[in-house]
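Read from first to last, the chains carry the letters A, B, C, D and E; within each, the first residue is number 1.
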Amino acid sequence: MAKYIKKKSHKVGLPPGTLKTVSDKTRKVKLEVINYNQDFLHEKTVNNPYDCRPDNFVNSIAWINIDGIHDVKLIQEIGEYYNLHPLLMEDISSPGQRPKLDDYDDYIFTVLNMLQYDEKKREVKAEQISFVLGENYVLSFQEDPTDIFNPNRERIRGGKGKTRKSGPDYLMYSLIDTIVDNYYIILEKIGDQIEELENKIITNPGPNWLKDIYSLKRELIGLRKTVWPLRELISKLERDEHKFIKPETQVFYKDVYDHTIQVIDTIESFRDILSGLLDVYLSQTSNKMNSIMKILTVISTIFIPLTFITGIYGMNFHNMPELRWENGYYMVLALCGFIFVAMIVFFKTKKWL
Amino acid sequence: MAKYIKKKSHKVGLPPGTLKTVSDKTRKVKLEVINYNQDFLHEKTVNNPYDCRPDNFVNSIAWINIDGIHDVKLIQEIGEYYNLHPLLMEDISSPGQRPKLDDYDDYIFTVLNMLQYDEKKREVKAEQISFVLGENYVLSFQEDPTDIFNPNRERIRGGKGKTRKSGPDYLMYSLIDTIVDNYYIILEKIGDQIEELENKIITNPGPNWLKDIYSLKRELIGLRKTVWPLRELISKLERDEHKFIKPETQVFYKDVYDHTIQVIDTIESFRDILSGLLDVYLSQTSNKMNSIMKILTVISTIFIPLTFITGIYGMNFHNMPELRWENGYYMVLALCGFIFVAMIVFFKTKKWL
Amino acid sequence: MAKYIKKKSHKVGLPPGTLKTVSDKTRKVKLEVINYNQDFLHEKTVNNPYDCRPDNFVNSIAWINIDGIHDVKLIQEIGEYYNLHPLLMEDISSPGQRPKLDDYDDYIFTVLNMLQYDEKKREVKAEQISFVLGENYVLSFQEDPTDIFNPNRERIRGGKGKTRKSGPDYLMYSLIDTIVDNYYIILEKIGDQIEELENKIITNPGPNWLKDIYSLKRELIGLRKTVWPLRELISKLERDEHKFIKPETQVFYKDVYDHTIQVIDTIESFRDILSGLLDVYLSQTSNKMNSIMKILTVISTIFIPLTFITGIYGMNFHNMPELRWENGYYMVLALCGFIFVAMIVFFKTKKWL
Amino acid sequence: MAKYIKKKSHKVGLPPGTLKTVSDKTRKVKLEVINYNQDFLHEKTVNNPYDCRPDNFVNSIAWINIDGIHDVKLIQEIGEYYNLHPLLMEDISSPGQRPKLDDYDDYIFTVLNMLQYDEKKREVKAEQISFVLGENYVLSFQEDPTDIFNPNRERIRGGKGKTRKSGPDYLMYSLIDTIVDNYYIILEKIGDQIEELENKIITNPGPNWLKDIYSLKRELIGLRKTVWPLRELISKLERDEHKFIKPETQVFYKDVYDHTIQVIDTIESFRDILSGLLDVYLSQTSNKMNSIMKILTVISTIFIPLTFITGIYGMNFHNMPELRWENGYYMVLALCGFIFVAMIVFFKTKKWL
Amino acid sequence: MAKYIKKKSHKVGLPPGTLKTVSDKTRKVKLEVINYNQDFLHEKTVNNPYDCRPDNFVNSIAWINIDGIHDVKLIQEIGEYYNLHPLLMEDISSPGQRPKLDDYDDYIFTVLNMLQYDEKKREVKAEQISFVLGENYVLSFQEDPTDIFNPNRERIRGGKGKTRKSGPDYLMYSLIDTIVDNYYIILEKIGDQIEELENKIITNPGPNWLKDIYSLKRELIGLRKTVWPLRELISKLERDEHKFIKPETQVFYKDVYDHTIQVIDTIESFRDILSGLLDVYLSQTSNKMNSIMKILTVISTIFIPLTFITGIYGMNFHNMPELRWENGYYMVLALCGFIFVAMIVFFKTKKWL
């Protein structure tokens, strides 16, 4: 059942706030530190969480990206340096959280889902990503290393663009923006599949399209479950006052918010379209049934009476005068021919042929 | 998949606020400047954005209409003269935005969709139009030149009406009013198609109406996606306090608002009517099936037993006394006749004939 | 398409606030003036709007009823005497407005729909009626003269009742109350039709009831579109503070409000009931199909095997010993009889007979 | 149409606030007065409204129960003693009001529906009951005498319980609580019917269950229309400040509120369950059709080809060598047997048998 | 009908606040007292409510767990010691309450449902649990002893974790957290069943899956009825100010709140998925019907005309020249063969074979 809800049950019974390895992975965790301000940029990959302590990054901005949330001890150590709340650390290391924002005194905590489209399985995969935004740092936690932030890295390296000149609030915005932009790709893939399906169903109503409709529907149900809380989350970032988000950055969050709304609108439209497609599909099936029945009915209603007539003259009564008529046989043939033509005409007027 | 969502994915990876050519068009951009106040009116088409600088229009109102949002450099240049926010300029030049209103300090920015009905393809086409309303100017951006503002131009030229006497807030109102009025035309077209379909379905349930229902439904889904955010947008214009919208103009925005609500009501009613039509269609199909089955059943149940009787007397047993009866043949014919009539009577009482 | 949306498109392109003749009628407009206070009552029908000027009615209450909103010039003239806003006058003379309330400084403007049931066509007809409530007057505008306000007139003439003692706010209340009471009549008619249909469908599932369900559904969609905004309108009258509505009158508006809510409740219930009726209808159709299929199946499965048996003994092989048996024929008849009875028993146990 | 909406139309045309006999009953009205405080209790049935004047009950609490709202004159007289608003009196004597609460200066007015289950007709019947709660009295108005308040009477007589010690606000609470408790009985009855239906449908899908589903659905639609406004009403009693309801009594109203919510939850669940049952029913019907078709198909596809074979050897051609073969007949029989078995095996593999 | 609503009707007629034995159980009630602070821990099982008096637990925290709410006298006695409101005590001892929170002056009262999955019956069972949170105590009431709080007991005993260091508000949080965590287990079970059903339906559309869909749907309806009010309840704990809940504990309640929302999301998704599964199931059934019809039609339309041909040459006319042709028989066989092949080809092109 891992498809629907992330296994949470095996944590039942543990005190709240307990970190427990959820992933079975034993891969080495990757700690990537990007430390910059307008003037300099240091990029390194470290092994020891000790190198990520906040006091390394005075007067500059640090983006610490942790790939591998299964290493509970490491998360705990980082948590101690940054004074993270136990519940927060529990959320970071338990995938399957609902997207949400928690505003603590010293930082803002957000959990999101990063979506990726698996071309082979034609499936959407979600990975949880958590951000902690502090005075001069952004921590990002996820399980698997991903490439989708490469453009963000490039922009920081390039030194152009607003990121280098702005604070960590802008950095977090640009990361979330990248994630939400990725949702568009997913939607396009799904949109392509819907269009493909539409063509298939309209040209050739095969028996299998329904399963495709169903699996697309299920994918949209999943997406929806991810995007609705995201909307709420970003709305909080955009509207409420936060200690670490400058008003001039909020206009950017508003932009992401608009994108999220558009994603939601599109999901809802897709659902509507799918339900319309379902109607088309069902009606095609029923039309096909109709045309099958028509053929059966036409053939049966023409030949069953004719067969009855031949049956009559196949009887063996001694006294059947017609049998001795010179043209009896031809008259019966003519009668059959007449009935045949009459039936055809009847069906033509009924528009069945 | 361009039908459902505007290609946005190819912009993924660019820094936010980056302008990128979305349209492939290389057509020359048209810059149309209408500069007026109560006393004078200057109309010209210019090539150089430099001629659109705000300081050309002191003590008068300027409406600058830019056809061709693909010319990013030009948009940028205008953006600089008018001090436009980068995100705003990105929105202007990326079609497919969700209708929205952003209130900046120096101007109000709105994005809308202009709808046009393509008579040939029987399809609704949307084009994005953006307005920037400043202290004494309105900038309007769209891709293709359009005629729908001609009446507005005429009214300005005529010098009568309120436009010449009022500020740019009234000018923007009258442009939006024109756009929303155009929605009524679309709705009427769709309404006509629904009525046509209704007649077709009730008089002759063919197999293809469902596709028509489906495509109308999809059109309404699209419309809805456009009009709901529009409602929100205009509601903000009408209700909130804006630096550049005078209270006496807001009563006009309230009027557009009422129209938008009416458009939404009509869309929702159309959806309801379509779903009712779908029921009628499906039930027609199923009634047709019923009548096919009835004919098959009537013919089969009459003639199958009769054929059995002839089969009996077609057997070749040596000892079959009936065969030698003088009137055996006529009695069988009479029996068949009787069964035939009895069946007909039976079906009559069942009201199948 | 006039059934769904009132033609509004031909006004597209006119400056907002332009009055244009919408109706093609050239009928003479009827101006009916009822001027009263607690002590006197003047009733007259005038031709000249000049006689309706507000300064005729100092220290008394005037109800001016204008039948014929197509006479734009006349409306304009009255509008000037009463200082009506151009947008308001546009609304008065363009039927098909959404019910709404606009609160101007010098008067309250409301647009409503008056419903009437056309017994012949079994259709609900809507007519727009607008009220302008000022300090000491009520203006009412509609196209066709109507009788439904006769009881109100009688009550004013009678001098009893609250109307003569109260202000124009009470007068407008009593007019709106009359209109809303009329909605009950419509609902009763529709309710009667639903009940009739219910009986028809349950006793005899004919093919045509679906069209009746559909047309009732469409009528309810139309009603709903009219009543929902009405609710909002009256809620504003009842709750908000208005210059011309006394608090002691608001309790009466609250009463109309309750009635409107009840109308809405009933409409929603009717929609639910109709959708239940649709299920019953569809299921009836499908049950009928089932019973047709049963008969076909019973007859076919009994006689097709029997016919096969007779076919066997109708073959012309030279060496068929059974044919020479003395009782062969009778044994075959007995076999057929046995199969027949066995099949009947089988179908009885299956409860098909 | 009395089933859906109470006849209100015949009152159209009367001035608002006019009392008119709605019921046709001429039964004598019963006036029951229970006057008590902590120390004494007087119970009597009076004929003359004069004996119900409020000044009879100084320093004590009076519950006056009027059975028979058709006696308009009497209602009017009581109304005068208690200074009741004309609209309120109109509501009392017109059954079919929407449950509501009106807060006047001198009293609180509530209208509710009392539900009773008619075991014979298996129908829910509603009766309107109105309460007027004043400083030291509760008036209750309904048409037919009812027993459901007997326990309340007993408790007052018993002198134990909170009623005798508390004010009229507690008395009204205990009456409303009795009414809402009665709703549970109705729900149980409906729940029993649903369960019964469920068993019937699952064990034996007969053609009539749909009508039962439909009538249950209609009953729930009716209940819902009654209970939703009740929720609002009680919520006002529980939350708002009222002159005559003490804060310590409001906790009791909160309890009734919780019950009302639970009633609503249950109604909504029942609706969901019914719609699920409908799906089961429809699918059963369609499965039955499938099994009928299977039998028809199995029999037909087995015997129609066999009959063809016998037909071949029933032909009368002079030159048919097989006919003269010694074992021709047996070979044909064997062929038929083989085809028969092959078909059976084919259907077995298709899982149709 | 006990499945849908808990029997409440037999309490109708009792004064509100009356405790009455609802359960028929006569089992001895278990009183379990856990008294602790940071320094000590006393655990005992007592028989006499007297040992549970609050003055036993000064300067420490007490968790008193009462298993057996049917012992009304005992509940009453405890209620007196802790000064519980009569309505509250009524709620405690009447199972079937809607989850809710009541904030009294001296304590907070909450009612919840504890869910357990009965593996055998594949059914969800609910048990009511009530908490009373006072200054230094938590009372928990339920009918049957349960193991699910064992981990909480262990944690208190262990002395590690936050519980020992925190107040009763944290204790109640940890109990509610345990209950909500248990909901995940239920959801997983249901999720497993849905997935199982999905596989069954897609691979083999048998006639019984619908009942499974229906019973899952009913289970979700029940869950929903339990979880929606729970959400409200916890939201109040998390957001409002309560005398006995410290702000630093509220962050924990917020965590439970997030879990509740996630439970709701999952329930809604399951409902959507089930309705999709229903569509798949119905369409499978209808596809199966289609394939049955196809076979019937193919066989019938091939052999019925052929049988007619053999019927012709089985007639006994004296003058039928073909019968005397040398190759007449073979020509008929060839004709039949040709028709057979032509039909097969026809059905191939129709894609029916």
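Here, contacts are C-beta pairs under 8 Å (C-beta built on N, C-alpha and C of every residue); 3 or more make two chains touch, one makes a residue touch a chain.
Keep in mind it's a predicted model, so treat the numbers as computed, not measured.
**Student:** So if I look at the partners of chain B and the partners of chain C, which chains show up in both lists?
**Tutor:** Shared contacts of chain B and chain C: no chain.
**Student:** Determine the shortest chain-contact distance, in steps, between chain A and chain D.
**Tutor:** Between chain A and chain D, the shortest chain-hopping route counts 2.
**Student:** With centres defined as the mean C-alpha position, give me the chain A-chain E separation in Å.
**Tutor:** Comparing mean C-alpha positions, chain E is 26 Å from chain A.
**Student:** Round to the nearest whole Å and give the separation of the Cα centres of chain B and chain D.
**Tutor:** 42
**Student:** Could you list which residues of chain C touch at least two other chains?
**Tutor:** Where chain C meets two or more other chains at a single residue, that happens at 286, 289, 293, 296, 300, 304, 307, 311, 314-316, 320.
**Student:** Classify the chain contact graph as line, ring, star, complete or other.
**Tutor:** ring
**Student:** Under that contact definition the chains make a ring. Starting at chain A and heading to chain B next, list them in order.
**Tutor:** A, B, C, D, E
**Student:** Could you please specify the touching residues of chain B with respect to chain A in the complex?
**Tutor:** Against chain A, chain B makes touches at 1, 3-5, 7-9, 11-17, 85, 87, 97-98, 100, 102, 207, 210-211, 213-214, 217-218, 221-222, 225, 229, 278, 281-282, 285-286, 288-289, 292-293, 295-296, 299-300, 303-304, 306-307, 310-311, 313-316, 320, 322-329, 332-333, 336.
**Student:** Within their complex, state which residues of chain B touch chain C.
**Tutor:** Listed in rising order, the residues of chain B that touch chain C are 151, 155, 160-163, 173-174, 177-178, 181-182, 184-185, 187-188, 191-192, 194-195, 202, 251-252, 254-255, 258, 261-262, 265-266, 269-270, 272-273, 276-277, 279-280, 283-284, 286-287, 289-290, 293-294, 296-297, 300-301, 304-305, 307-308, 311-312, 314-320, 352.
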